[in-house]
Structure formats: C-alpha cells, structure tokens
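Two complexes come next, and they have one chain in common, subunit A, joined by subunit B in the first and subunit C in the second.
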Partner chain A sequence: MSLFKLFQKNTKNVINHYNNLQITAISSRKLSILPSIYDGEQDPGPKFFSSGVQALLKRLTRPDFAKVFRKRTNSNLSVLRTPKYKFLTDEELKAEMSKANQTAARLLQMPPVVKVHEPINEVLSKDPALVGYDTSKYLFTDITFGVPNEHRLIVERNPDGTLQNCDHDTRKRLNQIYFPMQGRKVREPIMFADEEKFNGLLEAEKYEYILDRACIQYEPDEPNYQKITSITYQHVDMKTNFNLLRSTRHFGPLVFYLTWHQSMDNLMLELLQSGIVREAVLLMGLRHAIHEDITNADEVNVLVPQILPTPVQLTKPETLSEEDIQMDNKCVDCIAKYITNNSAMKSQQELALQGFREDYQQLVDLSRGLKKAHGNA
Partner chain B sequence: MSLKLFSLRHLFKKPICVTSNQTTLYQNNVVSNLTNFSTSSIACVNFFNKLPAEKLWKSVTSVSNAGAKKGRGKGAGRIRIRDLNRGQVIGVGKINMLWPGLSAPVIRGRELLKQQRLPDDPERMEKLIKLRDSMTKFRRLKLSPIERGWSGARMPGRSIGPPDPIGDDEFTGFDTKVLQLRSLLIMKGTLGRTRNYQAMVVTGNGQGLAGFGFGKAKEATAALRKAKNRAGKKLMHFDIYNGHTIFHDFFTAFGKSKIFVQKKNEGYGLCCHRAIKEICQAIGIKDLRAKVEGSNNLQHIVKAFFIGLLQQRTHQQLAEEKKLHLVEYKAENEYYPTVVASPSVVRTKEEIPKDETLDFIQYVMNDKVILKRKKFPRFYETMPHYDIFLKKFERYRNHEKIRLNLKVEYGEVKSFLNDKYPEEKVESEA
Partner chain C sequence: MPLPPASGTGRYFVKAAKSIRLIRQGCTNRPFFHISVTHRKRLNSQPVIEQLGSYDPMPNFNNEKLVALNLERIKFWLGHGAHVSPPVAELLGLAGFFPIHPRSYMTAWRNRRTERENSEKQKEAEAAAKTADAA
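This part shows the complex of A and B:
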C-alpha cells in the first residue's frame, strides 16, 4: 500500500477551475455543435459488439490496404529504414498475406462504443472518531502487480472520517501515476481542454489525429471522450468528409454513432452519389439492427448476407457480370423503397439514385455489348 | 629579390634627374652665355631610355629554360611585371600644372582659362606606389561557393556545362562535372619532354542518362572540352528504382579497386566517394552507400562503378532467374508484403534445392559476404572520467523532456508548489 497525500483545498480549487473552464468553453463554441453522448436508457454496448453489427461496420469501413498500410510517421522511426526483400513461393506469399490481413485487422480494430460510466459514491465506513484528524485527505492505492486498472483498490479517507471509494477522475489520475500508459497525460492535453485549439484541429480536418489521441487519453466510457468524439463525428457528417475516416478504425464507431442518433441520411446520400449501392443496403441493414424501423426489413435481411462475402469495391468496376447486375438491381429497388418510407432527405437521395441508375445502365450496356463482341453471350 | 626591385626603382628615377639636370644646364648656358662650357661629354642615353619597357621587364623576370623546368619563377616569390603607366594621366605630373585643352577645359563659364601652376598634391606619389604594389601581390582565383568544386579553385568537382550540340541535337538538361584533371609528361622525338593535360568528366541529365569520357590536350581547357564532348557521345541509360536508388546491393571491381554498393531508403543521401557522388547526381540516384576498398585509383573507381551499375538486374529479372516472387517489406508500412516482381512460372517449395541461396542480399552479392569490422568502444569510454560523467549525468537525463512538458502545461518552467507558494516576481528594470 502506498500513501498519497493531497491538499484538499488545492484539489477542490483545481476541480472547480476545470469545471468552470469546460462550461464556459462549450457555451462559447463557434460551431455550435452540441455533443450527444451515450447516456440514455439504452446501452449501445451489446448492439455494437454483436457479431452482425461488427461485420456490417467492418465492411462499411471499406478497408483499402494502400491506406491502412500507408507510410506512418508515428511508428517510433526517427529515420526511414532500408526496405527488406525476400524470395517467396506461392504458398509462402499466401501465408505472408494472411499475416498482413491479421495486421490490418489489428490496425482497424474499432474503439468500443459503450455507455457512459456511473459516478462512484460508495462509502465504506464512517468513523466519527477521526473527524478533524488532519486538514487534508488521504488516498490509498493498492499497487499490487497484475491487478487490472479498473479493478484496482483505490480509496480515500476524508478529514471528516469517511472512508470511500474514489471517483473515476481520481482513479484515472492515480492509475496513470503508478502505472503510466504511454502517450496518456495526467492532465488533459491542451488540444482537448482549449476549445479554440480543438476547433482549429476540426477546421484543419485532422479528424484521425483527434480520434487517435482521444483513444489514448480517455477511457471509452468517459463523458469527455464521448463529447469529443461526438463533436468530431458531427463535424465529419456536416462537412461530408467521410472519405478521410474510411479505412481507419474510427469509421465503424462513426457510422454507429450516426445511425444510433438517426442522422445517417447524409452518409446514405454520399454512398448513393459515389454509386456504391451495396454499402447503402448494408447501412440500411445496420439501421434495422439498431432501431428495427425499416419497412422492407425482410428484403434487407436477405440481401445483407449475400453482399457481405463479395469483395470490397474500391474503384468503379469496368465490366459487370450478370450476377453483379442482378444483385445491384435488387439493391437499387431496396433503396428506392427505403427512400420513400424511411428517409429524411428524400428528394436529394432520389436524385442521386436516379443519377446512379443512368450511369449504371450505360455500364450494363457496355459490358453486355463487350460480351457479345467477344462471343461469350 | 626586393633589393633588385629597389635598385630598379632607383635606376628608373635616374633618367628623370638626368634630363632635368640637362635642362638646367641648358638654361644656365643660355643665361650665362656659355660661361661654364665644358668639353667633357655627358651620356644622355643608357639602356633605360634605349630599350622598351617590355625588354627591361624581361631582363628582371625571365627564368632560364632549365630553371622553368625545375619550377623556378613560380609561386609566391615570383617577380611580376608591373604596368608603371597605370594610374598616370597625360597632363598630370609631379608638378601640378593646369593645362587648358589638355588637363582642363579651355573655357570655363565665360572665362578663358590660363596655364598656371596649382598647389602640389603631396599624396600623389604615395598613391601611385600603392597602386603599383597592389599589382605584385599573389591573388588566388576566388569562386562563389556554388561554383566551387571539391577543393578551392581547382577543376575537379566543378561543373562545365552541357556537351556541345552535335548537329541539331542539343544536350538539354545535361550537366558535366569534372572528375579529374591532371598534367602528364610525354616524350616527343623533336621537342623532348612536353606537358599534356588529361581530363575525366561525367555528364548526365539526372534522369537516368549519363556517360563519362576522357580527353587529352596541350591545354587544360581543350582537354576538358574534348572529354565533355566524348562523354556526351557515350551516354548510357540506367533504371532508377522508385526514382531514388539502385535496384539492389552489388559488388564491383576494376583493377585493384573494389566497391561495395548498398541500396538505401529514401532520404538517406549519397554516402560515398566524391567521384561516385558526382556520378550518382549525374544519373539521378539520390540514396546509396558505397565503400571503396583497395586501390584509390580514380579512373578505376569510376569504371568499376559504371560497370557495377550496368550489371544490375531489375527486380523482374531477379524474379525470373529465381522463379520466385520478389517481395518488399518496409518498416514504415508495418512490413506489409508488397510483391515487386512475379515470374511467369513460380517454383514450389519441393522444387527448390536444399543448398540454394534464398537470402536476397547474399544472392545479389553473388555469395560475397562483406566483412563487418568489429566496433571498438570509443577511446574515452574506457576511461574513469567517462564513468563519473555517466553517473553525474544520470540525474539530468529527463530534464529536457520535463522542461518541455512544463512549458506546454504552464507556459513556463515552474514547480507544482508554485500555485500555493508563488515566487516573488522580480521587478523588471525600472
């Protein structure tokens, strides 16, 4: 056991100061994005972690290996290294590729989406005999090796003699002091604490940087984490900058957030405008899995398992096979129904779908003509 | 030598004295009407006013043929020819006179100028002597740092522009660098030992085309020109991997010169012999390491390097030779296996013999292994003071990081106790 003594007045001052700062900062925000956190009745955890939703989110991330394995400057390399070369047979290459897939899965592992934690108010004992024993409170931390941080025993003895479990803030600070996590700071970094700096980052569209740093600094069930991520997601949605987060681990939570808060129609519109109808159907499937408010749910539920095994569309296809055409037509029908019944941006989405239909018809004619010309029809 | 000069100056002054004496004599004669008539002759002519300046200077500065061969009359102690007319103007002399029409206008304003004597300028002679002295100093040719070569104002390493156009074909984008310029002595039947210049240059456009050439001539400039134009006629094309480096490590040799060349990552730079660096820049290679071993003969190094570059195999060739996929791993890409070349037919594991070299570097080096010398500790690391330094420094090792962090958090370096016990602010100079 180790003893950590803090001056009570000091801590109180600091905490008050912090709270004031945040409140004033939020009210003076220029963008006027109101953060919405997962603090309602429903817990998003079980839905997010269910295998169906995970598969949908992973597929919607549209992993492009060129971006997943792009040159990173944060891998502790002060200078670049000379590349290494190997001669490989087919089997060895396959094994290496499967290893790379595992690495990609690790790089794309999504930060969990969970409900905000409850405050801890557990009084262990009240000892009136100890009232006024000291002017400051005592904190006790169990620093036994191998105990996970969230189960660590951290208690405080107040000057009025109460012994109680510490709140999350204190717990986090003490855990960071005794078992420092690389990259995490004891105090909140200025980029999160100072609203002007945070807004500057948002304006510069450094979403991935913000989200990566938030993952290190906060626990997923902290209200601060959810506020920051929520503002970032809303900013991405507002500016339709979805492509900046595609192929990163943050795209899944982004889609989940938008769908959870019933504001995924902007993303749907972006998907239709870029002509990726299959992902639009998957997005409908996600909405149904979370809210179950899609009218043509049966159709979607049939289509989703058919779409999932097909390869990810990174570029526009040049020719189409008959099965592709059949599936895409089904998707388009399905989306048309969604637009009429559930969409909040009907006219825009209809226009986008119409544009897609025309482009697609040309492509279909071209590939059928080519097939005929080659004599395979 | 300075004594000689001094006597020269002394002699040079004399004729003026002689003539002035003469005039006074003449005037005296006129005035006194031949009272001091003398029959003894006065020599008014000597070699100073008989010979031209050129010949006079030659008598002082010339070096015998044998002496010149030994290198006499060169370098810092050499006597230089001085132009004594420099700084002198017709009409301006020792006696400061105003000559209208010669050193001054005839009419100034509405006044007609008259010939008159002005006050003497005492600094005139000093200025002239200073000007003459400045001509004797040995001045080294100064070059701007951009034009400079490997060493001083010497030619090696300097750029001499693109080769001359052949017909209508111009060498646009080419630049030539001198690698070597040296004088050779050759024997001739009639002339005996004569001097010849030999130049070696490399020319290239920085985009894969480059060539080197030799030129010999009586003059250095002619040798350089010949070499440059020959290099332009012997261009070779080299593939550059990803626009920055070679395809693989290789070993190459010419004569006793051996070079070990290594492929390097982007941003590594050219870490090699200066001649190899110039060649790489001419070709357009940006990153490479080369170690020269054995003879330092520059011509051999250049030839060896070019041969090595030409003998490189592209990744596709390597894959075809091995009948295996060639895969690249980069640390900055999380070691993602990128297939850079695939053969038409790939062998299976059973088809590969047991003793075949599969290691890439070993294969491209033709099973040659570079001897890596053991790294010895630095001389100070075994000394007791280094231990003391390490012990003393240990407590400061993180201070830099902490200072930075404090500056980020508080805007200045201060203690955590500062909130409760603030430091007294020192009044700025009132």
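This part shows the complex of A and C:
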C-alpha cells in the first residue's frame, strides 16, 4: 500500500514538475510587452479632441479609398454584386466624390482616447437590519425609456443590507442584458480573456480585427480596452507594421499613443524610409502639440498649415512642380534639425534622410530636365 | 387566439382600481416574473395594462437576482392611485424607491433566528458527541 502511495506521490510530483516546465516554456515564448494605460495625472482627452490634433491625426492616417471602401465581409450578402460603371458629368462626379468623402470620414472616425474612469463606490444607505434577508445580491436597473447607458440608474442591495451604486463592470453587464449592443458579449470574449489566444492573434498580425472587436466589446475609458490597445499598438510599433493600420480608423489613436508615450521615433524612421517627409513634419507638429518639446517649433508651426491642404501622397510623384520642391526642401531642413536635437534614433534617421535626399535630387533633376525638354522651364 | 403582448395591451377603464403586481411568466420549475400594472379585479392570467419591469428570482452565475424597474412609468401609475402588492413593495423597498417594507425586516429577522438556532443545535450536537467519545 505504502509503495503504491509513494508511487502516486512521485507521479504527482512529476506531473507538477512537468506542468511547471510547460508554464515556464509558455512564459518564455510570451511577448514581454507591458501595457501602459492613460491613468496618469494628465488627461489625454482635451489634447486628442482639439481640432489641430484631430486634423494632424486624420492627415497622418493617409486615407486610401481603395482600402477604406474595400469589401470586408460578405456576411449579409449571398452573392457579391459586380461594381456599377456610370457615365457622369463633371457636376455629378463632384457630387459623387463629396459623397464618398463624407462616407470615408464616417468610416475613419477615430475611437476616442480618454483617461481611465474612476471606480464607483458610492454607498446610498446601510441597513444592518436587513442582514440575513437573502444570501444573494439584488441588482436593480431603471429601464426608463430614453436614458443613455452612462446615466442609467443601476443600484445593488448586498446581503449585508448596504444599498450602493454598481461598479462599471456590473453596469456594463446589466446595460448589455437589458439594452443589448450588437456584437458585444456579456462575458469577455475568449480572444481577450485568454492571453495565449490574444498573443496568437498578435503574431498573426490581425491588428485591425483585434482593435475593431475591442472597440465593440469595451468602452474607451475602460482599463481593459486601454491595456489591449496599448499592447497592440506596441506590437505594431515593434514590428513596424504601420501599413497594416494605415487608412483605418485606428491609425490616429496609434500615432497619438506613440507620441504621448514619447516613442514615435520608429514611426518617424518608417516615414523617412518611405520618403514621405511631409507627414514626418506633421508628426513633429503632433509631438509639439502634445509635449511642446520641439526646439525648432516656429518652423514646424509655419510648415504644418502649408502641408495640411496639399493632397495626400499615396504613391511616389512622377514629376514635381517648383512649389513642391521648395516645400519638400523646407521639410527636409526641418527634419534634419529635429534629428540632431530631439530624436532618439539619430543615426538611423540620418541615414534614412540622406537616402531620401539622394533619391529626391534625382527626381528633381528628372522633372526639371523634362520641363526643359518640353520648353516651358 | 394569439397571446397578448408582454408589454401589455394598454386597454383599461380609467376609474377602475389598478394594481402593480408580480405576474408569473416562467415555466415549470423556472419562475420568472413581470412587474405589471393591471386592474385589481383582473386575474393574473388576463392581459395586463402595461408591463413596468421584470424580476428574476433565481440567482445567476454571479449569485445575483436581477430586477428591472421602469421607474418613470411606476411613478405615473402611483400618481394615478395604483395599489402596490406586497412582493412588489418589498422589491421597491430594497431598491431604495420605497421605504423598506416591514415584511423584509421580518424575513431578515426570522432568517437570522433560524440560522442562530441551527448553529446552536449544531454546537450542542458536537458537545454531545464529545462527551460520548470521552465516556
């Protein structure tokens, strides 16, 4: 008997040991990203919603209509419809374009960036004579018509007789029970609750899926939402996968997050390597709007309003006008100053800028030569 | 005949006495109640004037009992002199909308008493078992 017991104990130990080993193996494979949420002294809300920052973020999103209006699912359609081609007059075309612009603006509306909410612990009354009335909690929801979810009266009566306002988690659950929101689940979806699954999605680079689902599942001022988005943003930044989120509504909050946490130099490097110096200057403008720590702020402040009305550069320009060349040269000077004074990745960004300068010089020579050849230089 | 809507039919006589009560809507072994306003003389199986909320007496996975109250409409019907049945009055008392119903205090007190008695009995039984062991 005792032998059997010993054997049993040993197997248990072995199993335990094996489990521990497995856990350590998993944790070593886990991403070591620490989420950072907006819970400090400063509230990011006013800065994020200010019109200047919103304009910068929208422009930095670099909306490409081919991506904004792409077919994402055929869930509600049995057969995908073929596109329609129409002949339009100039006015009709203008009207259609403005309609498309409006729709794109709606589709690209950014999820808000706000501070994490404070916990609610407001006790309304204490009645010790009710101890023993029931072993379970009573939750009362006021379902009066026309009250928004955040102002709805939701209270709980605990078994110890205290009547208090519910905390955010309970409020959210009850709001979802009585006034369901399509796509939101009462229990946290497993892709967010299970870290393994979440990391799997990150490694598969399904950032847009994660962020879209997080937008539906959580409120923007929930700590869980901010944790999930912050891990996703950091992963995007680590892998330099900015293009996956460009021209989606999540790019603005991503840039805002990186700039807020002073880690936008990787994005700056990516912009310089892809040769879009104007957006790099806009990024400097954003950093100045948030932190006010740019040394050549006057130059940036002059350049930003000049850049904003220019059309979005989706592809490399084939020819350049003299004004374009002037503006780009100004941008390059501005960025060079930024790199020497404020950047955290000086050598890499300098190299990238040097590469851009050479490319750009070739393009300038080409377009000037073309103009000369056409005889209107 | 089709069933009347859960939200009520809205048909009533203005001067007849109204009552706000619990109306059982669940099935066998699974109670669920609507809090509804109806004529005082009408049966619970008859169509109600309006549904004002719901009450689920079975605790959910978090050990919570959920009550929904349309306070605006409850105030409206109270203003029209509707009578409130004791179970609804108890719920409204627990919600902090009414003063706590005396019956809630009674239930709490009785539950506490039975618990106390049970624990005393248990102690006595344990003591008896100990003395028996010693002997």
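In this text, the second predicted complex is superposed on the first by the 338 of 377 C-alpha atoms of A that agree within 3 Å, B and C clash if a C-alpha of one lies under 4 Å from a C-alpha of the other, contacts with A are read in each partner's own complex, and residues count from 1 in each chain.
In this section, a contact is a pair of C-beta atoms (placed from the backbone, for glycine too) under 8 Å apart; a residue touches a chain by one contact, two chains touch by 3 or more.
What you are looking at is a predicted structure, and each value in this text was computed from that prediction instead of being measured.
Of the two partner chains placed by superposition, only subunit C is touched by A:L174; subunit B is not.
After overlaying the two complexes on the shared chain, residue contacts for A:L139 are found with subunit C alone; subunit B is out of touch. Once the two complexes are overlaid on the shared chain, A:E118 sits clear of subunit B and of subunit C alike. In the superposition on chain A, A:D298 contacts neither subunit B nor subunit C. Applying the stated contact rule after C-alpha superposition, one finds that A:D127 touches subunit C and leaves subunit B untouched. Of the two partner chains, subunit B is the only one touched by A:L93; subunit C is not.
Of the two partner chains, subunit B is the only one that A:F65 touches; subunit C does not reach it.
After overlaying the two complexes on the shared chain, residue contacts for A:P83 are found with subunit B alone; subunit C is out of touch. Judged by the document's definition of touching, no subunit A residue lies at the interface with subunit B and also at the interface with subunit C. Contacts from subunit A toward subunit C in the complex involve residues 124-125, 127, 129-145, 153, 155-157, 161, 163, 174, 177-178. Listed in rising order, the residues of subunit C touching subunit A in the complex are 53, 59, 62-73, 91, 94-96, 100, 104-105, 107-109, 111-112, 115. Across the complex, subunit B is touched by residues 7, 10, 65, 69-72, 75, 77, 79-93, 96-97, 99-100, 103, 107, 187, 190 of subunit A. Within the complex formed with subunit A, the residues of subunit B that make contact are 248, 262-268, 319, 322, 324-337, 339-340, 346-349, 352, 358, 360-361, 363, 408-409, 419-420.
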